[in-house]
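A, B, C, D and E are the chain letters, set down in written order, and residue numbers restart from 1 in every chain.
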Amino acid sequence: MSKLGNIPVQAKSEKKRTNPLARVFDELIQFCQSRSMFMLHYCTGCGAIELPPAMTSRFDMERLGIQPMVTPRQADILLVTGYVSVKTLKRVILTYEQMQSPKYVIGICSCTVNGGMYWQSYATAKVLNEYLPVDVYIAGCMPRPEAVIMGLRRLMSNIENGKGNAWKDYYERYDYYLGNQQHLFGDDWQTPVDVIGEAKFYDLEGEETYGEHTRTLEQHQEPLEAAVMRVKL
Amino acid sequence: MASFNSISELLAQLLFMPMLAFLLGLVMVLMYRKIAARLQRRIGPPFFQPVYDIVKLYSKDTQISHGLIHDIGIVVAVGGYVAAVILLPVPGMDGIADKGGIITLSYFLMIPSLGMALGVGQCANPNGSIGISRALTAMLAYDIPFIIVVFGVALHYQSTSLVGMIDYQQAHQWGIFEMPLLAAAGLFALQGMMGKHPFEIYVAPAEIATGPMVEMSGKFMGGLFVMQSFQFYVASVLYTSLFLGGGANWFEFLLKIFFVVEIPMSISFLFPRYRTEDMVRIMWKWPVMLALIGIAFVI
Amino acid sequence: MDNLILVVILPLLAAFLMPAMARTSEVLARVTGLMVLFISIIIITSVWGSVDEQAVSYAIGGFRPPMGIVFYIDQLSLLFALLIPVMILLFWPWNKVTHIREYSLMMLLTASASGLVLSGDLFNIYVFYELLAVASYGLVVAQGRAGKKGEGAALAASLRYLILGAVGSVMMLIGIAIIYTQAGTLNLAHLALLAPEKLNNMAGLSAFALILIGVGVKAELFPVNTWVPEVYGAVSTRLSALMAGLLSKLAVIVIIRVLVLLFPQPEALQLMTILGMLGVISGELVAWRSRDMIRMLSFSSIGQLGLVFVAFSIPGDMGLMAGFAVALHHLLVKPALFMLASGWTGPLESLKGAAKQSPYIAALFVLLVMSLLGVPPLPGFWAKLLIVVNLASQAAPVYQFALAFVLIATVIEAAYLYRVVMILYHPNQGQQASVREKHKAFELVIASGAAVILIAVALQVQSMETKLSSMARQTGDRQHYINTVFSKLDLADIYHQNKVQQTDFRSNNQLQGSK
Amino acid sequence: MSVLDEVFILCALGALVLFVFHRIRGIEKLAVVFYAALLYLLIKMSGLGYGGEVIYSSFSLNILGETLQWRFDAVSWFFAIITVASGLFSAVFMSGKWGESYREKTSNAAYGTLQIALLLNVNSMLILLASGDLLSLFIGWELVSWASFMMMALNPDKQARQAAIKYIVYAMAGAMAFLAAMAYVYGITGSLQYAELAQASAALSNGQIILLSLLFFTGFAIKMGLIPFHLWQAVAYAETPAPGAVFLGAISARMGLYAIIVVLIQLIGLGHLQQIHIPFTFWNLQTVLAWVGALTTIIPTYIALKQNDARHLLAWHGVGQGGYMLLGLMTLNSLGSAGGLLHVFNYATYQAALFMTIGAVIYRTGTANFDKLGGLVTQMPLTFMVMVFSIIGLAGLPPMNGFVSKWMVYRSLLLDGEPLLFVAAVIGTLGTILSVYKLVHNTFLGQLRVEHQNVREAPLSLLIPMLVLAAIMFVTGMMPGLVLDWVASAQLAMGLVPVTYNLGGIVLASGGLDMIWITLILFYGLGVGAIIFYLLGGRAKRVHQYDNYAGGHFLTSRVRYHYSHNFYAGLMHLIGGWYRGSFKKLEQAIVSLVSLLSQLSENMYRSAQPAMMVIIVVVLSLWSISGGIN
Amino acid sequence: MNCDEINVWLDTLLEEINEIKVTRKSDRRVRVDVDASSLPALLELLKGKASYVHLSAISCVDWPDDEEFELVYHCWSYEAKSLLSAHTRIPRNSSEEFARYVSVYDIYKPAGFFERDIYEMFGIYFESSPFMEKFILTEWNGPPPMRKDFDAEAYVNETFNWAEYNPDWLQEITEEGGGIAIRPEDVRL
């Protein structure tokens, strides 16, 4: 039972850099990151129809610096709009893992919050942040564009004052997320993205990164190493 | 136009010209997005938005690369434009414009696209490959009218070095009055060269997931944004030095290049995206005809 | 000089005595044939030194020239007189258990051939020509190959050859008759003396045409060479090599003699060019289509002979020289190719990959083909060069056409000859590769001998060129012919008989000889 | 005993030795030593490259009243250096591991014959280059066409054999045209020496000049594969074994260019060509030839765009670049002819390197078909680097030497004021850039196939010649002056005004070229790009090729996620209609005409009855008798 | 042949098939009840003779208490402009894993898709239908979910867990004694 509202995602490893110049530099970067976000709205459900009005002339998201982007590689925010069926959740997780951090997830519509209208359905995932670390939820059975923009502004303010690092939680508590995913998709669940390798590469591992779920993952998946360019005569 | 006479001045120019190009490029990108917004009755991004985007992209914590050639591709893309910019004379600074003429410059503009093509090739993503094949076809399309225009201009000014051309235009009238048809064809080619909306098939977001940029994350995407700003700058400065007589002083120069850039930008939002073969057909029909008639007058 | 007559008489005698001798002792009959050939070779070689710049004429039976039979020996006739026994010796039907009849026919062939070359009298030439024709008909029938077409084909071929030959000799006879009515004499030298005013008209031209067509049958001239493919196809390759190599050249020599001495006017030359051109083109074209090695070689020989005619039709000594070069080169290469072809019978496709089996033969074939086509270092090239250069320097348009035809023919020739070479060097074996019968050692010896001569000639081209030019100059010089045959005093009384106006012969000959 | 005689003796010796020992294993070492010695001798003659006087050989032959003698001047020395160098490179390429694999595939004898064929090619080309008069030029010409025929006929593949036969017929037709032209020259001037033709050419009438130059030009155009005769070259060169293709691609077609230089430019002279005006067009013969060159740059390049096999693509480019050289030579100013000559050198370097890379790819993967390749960059990085260097050269982009010669030709077209020619050349270059990227992308970039996962880099013996060539390309690109002295002295030998140049490039009042500065600036730019990329951004993690955006689809090796077939679909959609192969139809028309004629004459032979003869006889005799009587 | 003639002709035709019950709701709606074995023949007849060329849907109704599935084949005729729904009952045999019935794919091609749907949702295996494999519920390996005896809510409670939604504004109201009033019948957890 994860507690909503005050989402316990404050990453432990957050430490402010001491000398003032570095801190000013970090503030500046966080300000720029908050002011320029590339949005990948994954139209999983009915909530997606609210985003075009948010982008076009009446509500104009671009003044906030938010641009729609097509591929997860270029995107910063993943907007999961509407109910997430189990089949789609697989693709959402893959897209999330393909995104480059710092990345943020916004769950739009109450179906991502707590099951919403489809709470009875056998096929939909009820609580999104069991599978992905979610930054901001926007409840409403299709929230109006104003609500969406308010959610985005909330995210921008979070980033600005340094609280927008839910993505680290995915690496630090990867075992918890993997467990939930395996619970839903079965034990041989794997994605081509090597999350553990990334955690090692950017040393984002926390205590709970490894657990019994990651061990079951190791049995099935032999991680895909990049083909290193070598000269073997 | 004092070309560099001492090494120290050259070094200063080497540093200053790309910096200037980058800044002006950013402002042009902003202008592009502002015009887009205004046409759609939107407010449009804040002033420093391009800066925010680039800083955010460069400050990404994680980014993926598909191999050394992928990295080199981006390096060549940005580096190619930095080198091309140095060949472009700017009031007060000529860089090495007289060492290589306009033919060298038109070849320098091909290096970044080929470099990026190699980089995207290694991403092993068919969206990227399709995008590149369309980008090269587009290059084939707009380069022919552009080269005809270059030929006409070089023939008219009897020299291929840009510095010589600017001096000629300062002395006589501007190029646009003496060669109106060539100027029009040049504008057409400029539209293609910008790689913006009517001729933007290779970055079609819906069909091929932004084509070459499909696997570009973090600093790779940042590199492409920098390249885009250089693209705007080079296209506009080249057009001004060919037809609008380059800049005698800074204010006049800035006025001209922003005016030159503004025309294709505003045109670009009135047209849907052309298919590849339609683009080639159009580019080989109208601008080429205009340019050839223009040349007939010049000879 | 007087024992030269033996060269003609002895084989004639042997030809008729052989059947009689055969009854007493088989072996003796066989040996006499070879003995006669050796003797004639010795005789000719002994005479060889005496004839160089100055030709020799020899009246038989002591009659003064215009009357009796005259033998005219100059470098050309002597060369061919030597070639005849040598070639016949080479292509003597050795190993087959041949009937004695064939030996006698071969003897008849030698006799008539050497007589044809040496004699200086028109009618005499006709007689020997008839003898030659009869001998060749007999041989064609006798040596019919037991190929898949069997005996029947040889008979049919020889029948068609006989008809054509007979028609040809009739036309030649009519031609000679016309000449006799015009000029009143048949001695070549005398005719040469009277030719400028007597034979210069339409009748003379038609006489030449008739003789040309008549002798042309043997020389594979264009309209009358339809017998060539059947005969060469049906007959043993040795005989076809002999006929293609030697007999056709003899016929050409006769035409040249007649042409140079009797009909110097340009229309005759142009007639010969046209027929030659048609021969070249049709020969090469059909060879391009033919699918069988022997048939291809026979058509290519038609083509080459056409080329010889074109070469000889060039006015002046240069033309004669080019003609001799091509004729001798063809005489050398064609028999060798026929020898190679004897091993490779059947359709060309069956030869796939033959080079792997017999690399030496294939290499030989390639060398001969390259010389035939005219690849630079080999003599074929110099011969072709002579023709092309001389044709180009002629003004008359017919020669330009001839040049174009010759060049196009060479391209077609290259196409089909090299298609054969590619089949030979095909990587994977053809079906009947194993069943192909071996080449006879004897044929290989002849072919490689020809190749050696070819390379020898290629190495010292200059000396060959000087010999050829002297021979051409001699044959081309009409006045020289007349002077050798008639001594000074005979000339005087001939004037009186025919009250010939005293045109200045010298100027006439100068013009003609100087080109 | 001049140096030229030593060269000839060495050639003869080498041929003899190779022929005798062609079956034993150590032959390739022998061949490499032979070529190295030959190159040394040529370097001894390098005085020619810097304005030295002509070197005569003592061997001479007089036939038919002509004296044939052989000599080397600057132009022939320039071509000879390239020929022997490419011979050396292909011999080194052939001697290493490639040789062993070829031996296993075919046999010792086949390998030996390939070596002999290469040697014969080099020898015959040297003889051709050393020719002193028209007759020796023709002899050399025939030898070259036979030698390259031998090289092409070695390939067991069926398509290659047809190409070889097609080649030999074309070559024979070319030789016959050359022979006819030579015969006319003899007819007009009475001798075949260059000097007489040069003097006589002044007095030639227009008709004669047209006839002579057209005949000579067809002969040489066939060898160079210019527009009307370009069908045979690509297939023939592509199908020869790799080192053969390296040699043929690099230099063999340029013999035609040498002959054009000798005859059309030195003897007949461009001035004469200009006098002849084609009626009711403002063209003269010189523009016609320039247009043949321009068309040859365009049409084969766009045929190359459609090829689906790397070797064919390259071979078609060989034809295309040949047109480029002719275009350069046909411009009226010294810059253009210098560009054309320099392009011969540049083109030889990167075409040889490209064929070697393709040879290496075939050596490792067994195929050059684009549909079976992809993603080899991680397995064969060095080969990839060499290919990138050479495609930059082939496309004519700045750092490499290809750019210099292309710039010179463009600049000369600009000086002449020829807009349409300029545009045609540019269309050719753009076509090259497109097809060159297709070559690199389909072989080295994109998804790596499962079966190529443990392909190794090309062996050292293949790599060394490639890397040396790449180095040459870069150095001569950076400092074109090195080669320009040879080109200038060659221009002098041709009787043209040499181009004004310095180490960096061309000095021209109205906008010259200084490659040293341009290369430095380019590297400065790349340096800045690298700094921006590596210092500003964070670390990038290398990911596997299946960790790729595929619209949410999970990529595995079962589904091949790669685009390489019909690479320029958009462009092909537009210009697809133009590939009707009209030239092929022309060729087939000629062949069917010939077979029709032969059928006609064959019927004539079969059906001619003796009866018809009799009728002729009767008619003839009646006519003659009637004529005779009156 | 206009609509009513066809309808008259159709009624006389249907009478001939034994134990068939035809009720014509309107001139454009017919309901036919037929037993399972003769349904394919009926469809053949309808398609061949009676211009009912379009099978718009096959729907399935689960009658757990009489242990039967009811399959309804909706056929539409363009000429007669009328919809005929052929009802039939097949045994549920819930003991085995799948109920069984014959496929009509060979008569109407679209049937393949409907049969696959029913196969996934209701667990009826149609013999000789080419598409008898999972298409929509690839991730699902539980019982056929549309069957009435499948309790979705129980499954959901068992597999998923809920997020307890207790935001701070709600906490203040509860402290003052308020809270969310839920109607008794809506109380689930």
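The rule we apply is simple: a residue touches a chain if its C-beta (ideal position, glycine included) is under 8 Å from a C-beta of that chain, and two chains touch if they have at least 3 such contacts.
Quantities reported herein were computed from a predicted structural model and do not represent experimental measurements.
Via touching contacts only, the remaining chains, with subunit D excluded and nothing moved, are grouped as A, B, E | C. Under the touch definition stated at the top, subunit C and subunit E share no contacting partner at all. Here the chain at the heart of the structure, going by C-alpha means, is D. By number of C-beta pairs in contact, chains B-D lead all other pairings. The chain with its C-alpha centre at the largest distance from the centre of subunit D is E.
Inter-chain spacing, taken between the CA centroids of subunit B and subunit E, is 61 Å.
Separating the centre of subunit A from that of subunit C, both taken as means of CA atoms, is a distance of 100 Å.
A straight line joining the Cα centres of subunit D and subunit E is 73 Å long.
Residue numbers of subunit B whose C-beta contacts span two or more other chains: 59-64, 66-68, 209, 214-215, 218.
Taken residue by residue, subunit E touches two or more other chains at no position, since every residue touches fewer.
Among all residues of subunit C, none touch two or more other chains. Pairwise chain contacts present here: A-B, A-D, A-E, B-D, C-D [touch as defined]. Listed in rising order, the residues of subunit E touching subunit A in the complex are 137-140, 142, 145, 152-153, 155-156, 159-168. Against subunit A, the residues of subunit B that register as touching in their complex are 33, 37, 40-46, 48-49, 51-53, 55-56, 59-64, 66-68, 205-206, 209-210, 213-218, 221. Across the interface of their complex, subunit D is touched by residues 14, 18, 58-69, 71, 74-84, 86-87, 95-96, 98-104, 107-108, 110-111, 114, 117-118, 121-127, 129-130, 132-134, 136-137, 139-140, 143-144, 147-148, 151-152, 154-155, 158-161, 164, 201, 209, 214-215, 218-220, 222-223, 226, 275-277, 280-281, 292, 295, 299 of subunit B. Every residue of subunit A that touches subunit B in the complex is listed here, in rising order: 28-29, 32-33, 35-37, 56-57, 60, 62-63, 65, 67, 69-71, 73-74, 76, 100-102, 198, 201-202, 226-227, 229.
Residues 1-6, 86-87, 90, 113-115, 119-123, 125-127, 129-130, 183-185 of subunit A touch subunit E in their complex.
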